[in-house]
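Next come the structures, one after another.
Shared between the two complexes below is subunit A, which pairs with subunit B and subunit C, respectively.
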Partner chain A sequence: MLENFLQVSLNGLINGSTYALLGVAFGLIIGVTGRFHVAFAVTYTLAAFVAAWLTMYLGAPFWAAVVAGALVAALTGSAIERFVYWPILLRTGANGLLMVFVASLGVSIVGRNLIALTTLQNSATVVNGFSNVGLNLGPVTLSSLNLATATVDWLLIVSLSQLLARTSLGRIIRAVRANHEMALCVGIDPGAVTFIVFAIGSFMGGAAGVFQAALTSATPDMGITPFFYALVVAFVAGLSSPPLVVAAVGIALGLVESWTTLVLPTTWTALVVFGILFIYVALRPLRRGLASA
Partner chain B sequence: MNNRPDRASGWSRGNFLAATAALSAAPLLGAADNSTTGKMQRLLGIDPRFSGKGQTFDVGVLTALTGSGAIYGSHGTDVFKLAARDIETLGGPTLNMIYKDNKSGDPQAGVQAMRELGAAKVPMMLSTYSADLGAALPGIKEYKVFSVDGTGGTSQYAMGKPYFWGAIAITPDDAFPGALKYVAAKMPQVKKYAFVGWDLGPLSDIVAKDLQKDVGTSMKLVADERTKVGTTDYSASIQKVKAADPDIIFLAIYAEDVGYFMKQYATSGIDKPVLAFAHSQAAATIAGAAYEGLYFAFDYFDAAHPGNPYADYFVDSFKGMEGGFLPEFYVANLYEDTFVLWECIRRVLKSGGNARDGEQLDAALRANPVFPSVYGGDSGKPGVLAFDVDTHSVKKRPMRVLQFKGGKIVTLAYFNIDGADFRLA
Partner chain C sequence: MEIAFQYIDTILVFAVFALSLNLLQGYAGQVSVAQAAFGAIGGYALALLFLDAGVGPAWGLAIGTIAAGFAGFLVGLPALRLTTEWLILLTLAVQTIVVTLVQTDHALGGSFGLQNVAGLRIFGLPLDEPSQMFPLFLVLAAIVYLTCYRLGESPYGRVLRAIRDDATACRSLGKRVYAYKLTVFSLTAAMAGLAGAMLVIETSIASPTLFSFDQSAVIVAMVVIGGAGNLNGSLVGVAVLTLLAPLFDRLLPFNEQAAFVLRLVAYGAVLVAVLLVRPQGLYPDAITRRLERALRRGGPALEVGAEAALEPAIPSVEIVRQPSRDVPRDVVVSAEGLCKKFGGIVAADDLSFRLFRGHVSALVGPNGAGKTTVFNLLTGAIKPDAGRVVLRGEDVTNATPDQIARSGMARSFQSVRIFPRLSTLENVMLAIPGQPGEHLVPLFLQWRGTSAAERAAREIARNWLHFVGMGAHEDAPAGALAFGEQKLVALARVLATDAEVLLLDEPASGVDRRWVDAMLEVIASLRDAGRTICIVEHNLHVVERLADHTYFMELGKITAEGDFNTLTADRRLVEAYFGVV
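This part shows the complex of A and B:
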């Protein structure tokens, strides 16, 4: 019984680490720029396919493919900001965020279909090159790929946390997140910061996509569910929260989701995740009301 | 073995003998032509007077053009085109394929597709996803669209539905008895089993109950785990199975999902045998080394050793189109289904009827529900695809127990529907 609980908890921690990375990456983008970046799903998917193609057709080493996939995601995310969102906001001004959301939705649909068209004839697209073995840790078992995934997740989260807390770039990013206009007044170029934030967030999301493809396979639809997880984690944690707080929410979500399977069928886990978001959204005004009373 | 209607009726000994006689008499037709085309014409008993040559027939194709199953839809449309080309080469009509997207199982798409095909008065259809998981069945009935589904079959819910025929063994139900005979023969230590299956609502309960009935008292169910179709994370399901400590796991999930499951199962710390009811190259690619040792029980198409001249013709044709790649059972069925439609067209033309009428095509199948098959047979004659006119599913279908061993599929046993004719390899 205890062994089962420990294994389920470990599974929750592993999945939660990925939710944490996704939440931190998406939360950084929407928290700093205000863009509801639905196309986050496309950059996540593209990274997975790039890594898979590199390992399948060019025989690239696994870790090189991870970096290359994440870099392509970073470039694509920045390009979407520069060539889609930025021009829209220049034309529409303060009311442009809704237009950006619609455009992002469009980019995600077009991107997903372009990937599907490109990959339709392939039997299965997988990221090769990682020797995955089971690791027995006392009463629980863990795969080496899961261990690598969680390690990279936390390496990226902690790195971002340190970047934001200890570097001048981090201070600039936090300044734009806190007050866009004030940052402009003190000589910060919010356009450049937005560009960098998209690159960082997309890189992190892309890395998560590559590991997911290594665990399963790369498919054109693979970005949709992780996007919703990222959304839930980022919103529940709060859009101005530091990365480690967001990550803690991701871990909590993974654990709750996993523990749910101890008492409910596994098909109900998604209901639990989105139930948490619903309760949060429903109770938030109430909490504000109590605070102001 | 289960609660489905008896399939014995409607496929009489007389029908079978008549079909066998027809297949045997085929060499009498077109005796002079020894080309591959001529041999196939004789093999399939094609009478040039009623082959439909020079005519064009509309054929609806309801398949996954978008969504998670689009890769199968893409391969399927290639094979439908190949079959149509081969039919024309063999002196048949032009089949004008009208493709409709079921969006990988979206019921609304199926309903809309039937409305469009009905409005266009399309008399026949090749379908997948068991006519969009049932949503297209009312439209098939309303518009009298003679339909053959070779990838999902009738399943349980579409048995006996008007104008709809399943040209594949019902999975996993039809394979259970043969699989269990193999387990009893070769794995006597197995006393407890876990069932992991797609969550298809009430249908999943029927499948699980069928398995339990077939198992009887020989084994005890210790875990019944349902998973969402298309899910990729099986960690929770595998943990539940692990906690139940079964001796064997029956895996009623399909397509790539088998690969995802095995990839995670291999590092889960369980070493009990897993028996699945489908194999695909995509699943094998996804799982990689984790696929090793996996057992299967289903109507496997052995493209490396086709075993009959009709299958040889199909494999050669497919390899020509796909640059040497071998076909899997999924596309073999789609190819065969297209030829079933053509044979029904020929039968109606021969009787002087209207082959653009779905009702007459359906009657042609009912009158003699036996067709040549790429499955079974021997080096001299094709196998037999026989439908049951009550259930509309297949009455006979050669199946196998197999194992993925050393990177290859190895046959361990042969059997037919309900475990008939079981023998170890």
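This part shows the complex of A and C:
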């Protein structure tokens, strides 16, 4: 019983690390730029497919494929910002949030189905090249791929945290997050910052996508569920929270989700996660006072 | 032939979905990415009732609609107090929860859904072929269209559009904003439920994929592509996206699977292209078109021939200055010991003052003295930490802004807060109290009374617009007016509330000199008609000319009060106001 609990908790920590990475990445984008970036799911998926193609058809080494996939995600994310969101916001002004959200839905539909076109003929799309072995750690086990995933998750989270806290780029990003107009007034170009933020966030999300594809396989709609997890983590943590706080929420979500499987069938976990989100959001006006109604 | 009916049926089903979302999003300004989820409630209700209890589609449609409406009510309770991004998030959560629920519940068929909802008959007629469904669907879609039209293009819809443009300003005119949002959210969820039930009839299956997040996204796309705020626009949006299906399925040389995927690519591409090229949609509503034209011209949208009215038509009222006003007067409003802190900042510190009938009182003081906070405290926009507000003997300290407005104390805003996508006349009409057409029961049951009241309201609003000299611009979108003109329209709007107490926040700031004079005359004539007026004003000439009694505020405190000339003779106050003289 105890061993089972420990194993489930370890699984929760490993999944939670990925949720943490996703939440941090998505939270960075929406927190700094205000864009409700649904197409985050597309860049996540694209990274997985690019990595899979590289290992399947070119025999690229695993880690090179991870980096290449994440880089393609970064480029794509920035391109979406530059060629879709930015021009729309120039024209819509006050209504912008909703319009960007809708455009993002459009980009997701296009992206996901373009990827789906490539899968019509062949069977499974997988990321090869990682020799996965089981590791026995006393009462619990985990695979080396799990370990690698969690390590990379935390490497990226801590790097971003350090970047924001210690570098001048990080200071500029935080300035734009705190106040767009004021940042503009002190000579920061929010457009450029937005562009960089999309690149960083999409890179991090893309890395998560590649590892997911290595664990199972790459499918066109593999991005939807992780996107929802990213949403939950980012919003529950707060859109202007530092990365480590967001990451803590991700870990908590992973643990809660794992522990629910001890008492409920696994199909119910999504319900629990979104139930938490619903209650959290629904209670928000009460926490905030009713003045904003 | 049947294939044509099949596409037409699909158009009708999605027309109901899109009309419901358009009323919610285009009129009331609320977002929902859960329309498909509400559709699932209606659809599964119809399927379950038929398969398990043999209940026919007539009852299935009705019960499905009501169930979805009730679900919408429950979701709306917390959701409608949220800002846009949180509302998106919450409806996303609802969408996911509903789909996950139907997917995991074996009684609902899991991932495969409830199959074989076939052999339906309504009023004895079979519903097996698309052509047999068509008359039913046409009637239902027509009912939904007419309902949305009645709700949207009426005094009720005027309130919805005002909430969309500026909920705070709408509340300050006495409207129960939250109740409107909740009602319209429930109604549109019910319509989505009806559409979902129709979809199940059409496909004879109720499955999770039929009501997935993607379907919700497609419904949003239809509304945005067509043009939010225009019901006919949604029909265009539905037609465009639905007819992409035959294009890809039949006319272009793709295999079935590829055609399906490419069609979705096209959906998304059309959506993004429309947003990039025409963010207002293919067929936006009339006032948006006018507003765009005006803004493109780069100036206020004056009607042709209206230039003659550029000089303000000063209302013909006698302005009688009555200097001897020390006789005891009716106290209409009294503030007693109001305190309010924002963190460490004391915005109001034990404020007490009174406003008298037939008096103009003025609040003056340096920037940051807390003058606008006083208005916010009086009108319930913020609650005081201590103290109370009494309006005609009644304690209104804990009343909401709309309750206070209905009790007879109305305010204007320093930043105008006009409703830009309402016409000038509509801005003023909205403020008129007691309109039957703003409530559902008279709106649908007393057509004649509603339209008579609407005509009367139009006349009253015209009079107020003429009163402030803006009569020539009644059809212009308020967002296209110059700032000074908007200020006058906002004044007409607050006057139209018929409130006994008027709180005017910087009525003269940013207004052209010519208009200032017009405005002063208007305010003076109201004072003489027995209204209770309080102004916050930086322009001391305005205060000098209007104020019967002046309160001087510094750092949240009233430090002096009395006659304007007495106050300005005090060297310390002048220094506090202007800095060192």
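Rule of thumb we're sticking to: the second predicted complex is superposed on the first by the 288 of 293 C-alpha atoms of A that agree within 3 Å, B and C clash if a C-alpha of one lies under 4 Å from a C-alpha of the other, contacts with A are read in each partner's own complex, and residues count from 1 in each chain.
Here, a contact is a pair of C-beta atoms (placed from the backbone, for glycine too) under 8 Å apart; a residue touches a chain by one contact, two chains touch by 3 or more.
In this text the structure is predicted, and so the values were computed from the model without any measurement.
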After the superposition on A, what does A:285 contact: first (subunit B), second (subunit C), both or neither? second
Pick one for A:116: touches subunit B only (first), subunit C only (second), both, or neither. both
Kindly classify A:92 by the partners it touches after superposition: subunit B alone (first), subunit C alone (second), both, or neither? second
May I ask you to decide whether A:147 touches subunit B, subunit C, both, or neither, giving the answer as first, second, both or neither? neither
So, A:267: does it touch subunit B (first), subunit C (second), both, or neither? both
Figure out whether A:216 sits in contact with subunit B (first) or subunit C (second), or with both, or with neither. first
Would you check which partner chain A:84 touches, where first means subunit B only, second means subunit C only, and both and neither mean what they say? second
Looking at the overlay, what does A:101 touch: subunit B (first), subunit C (second), both, or neither? second
Subunit B versus subunit C as contact partner of A:184, first or second or both or neither: neither
From the superposed pair, tell me which subunit A residues show up as contacts to subunit B and also as contacts to subunit C. 113, 116, 120, 265, 267, 270
What residues of subunit A sit close enough to touch subunit C in their complex? 30, 36, 84, 87-88, 91-92, 95, 97-99, 101-103, 105-114, 116-117, 120, 224, 228, 231, 235, 265, 267-268, 270-271, 274-275, 277-278, 281-285, 290-293
Which bits of subunit C are touching subunit A when the two form their complex? 25, 31, 77-86, 88-90, 92-94, 96-97, 100-101, 103-104, 177-178, 213-214, 217, 220-221, 224, 257-258, 261-262, 264-265, 267-272, 275-276, 279, 381-382
Touch list for subunit A against partner subunit B, complex: 4, 7-8, 11, 14-15, 113, 116, 119-124, 126, 128, 132-136, 141-146, 212, 215-217, 219-222, 258, 261, 265-267, 269-270
Interface residues, subunit B side, partner subunit A - complex: 66-68, 70-71, 74, 199, 225-228, 232-233, 235-237, 239-240, 242-243, 256, 259-260, 263-264, 266-269, 281-283, 285-286, 288, 290
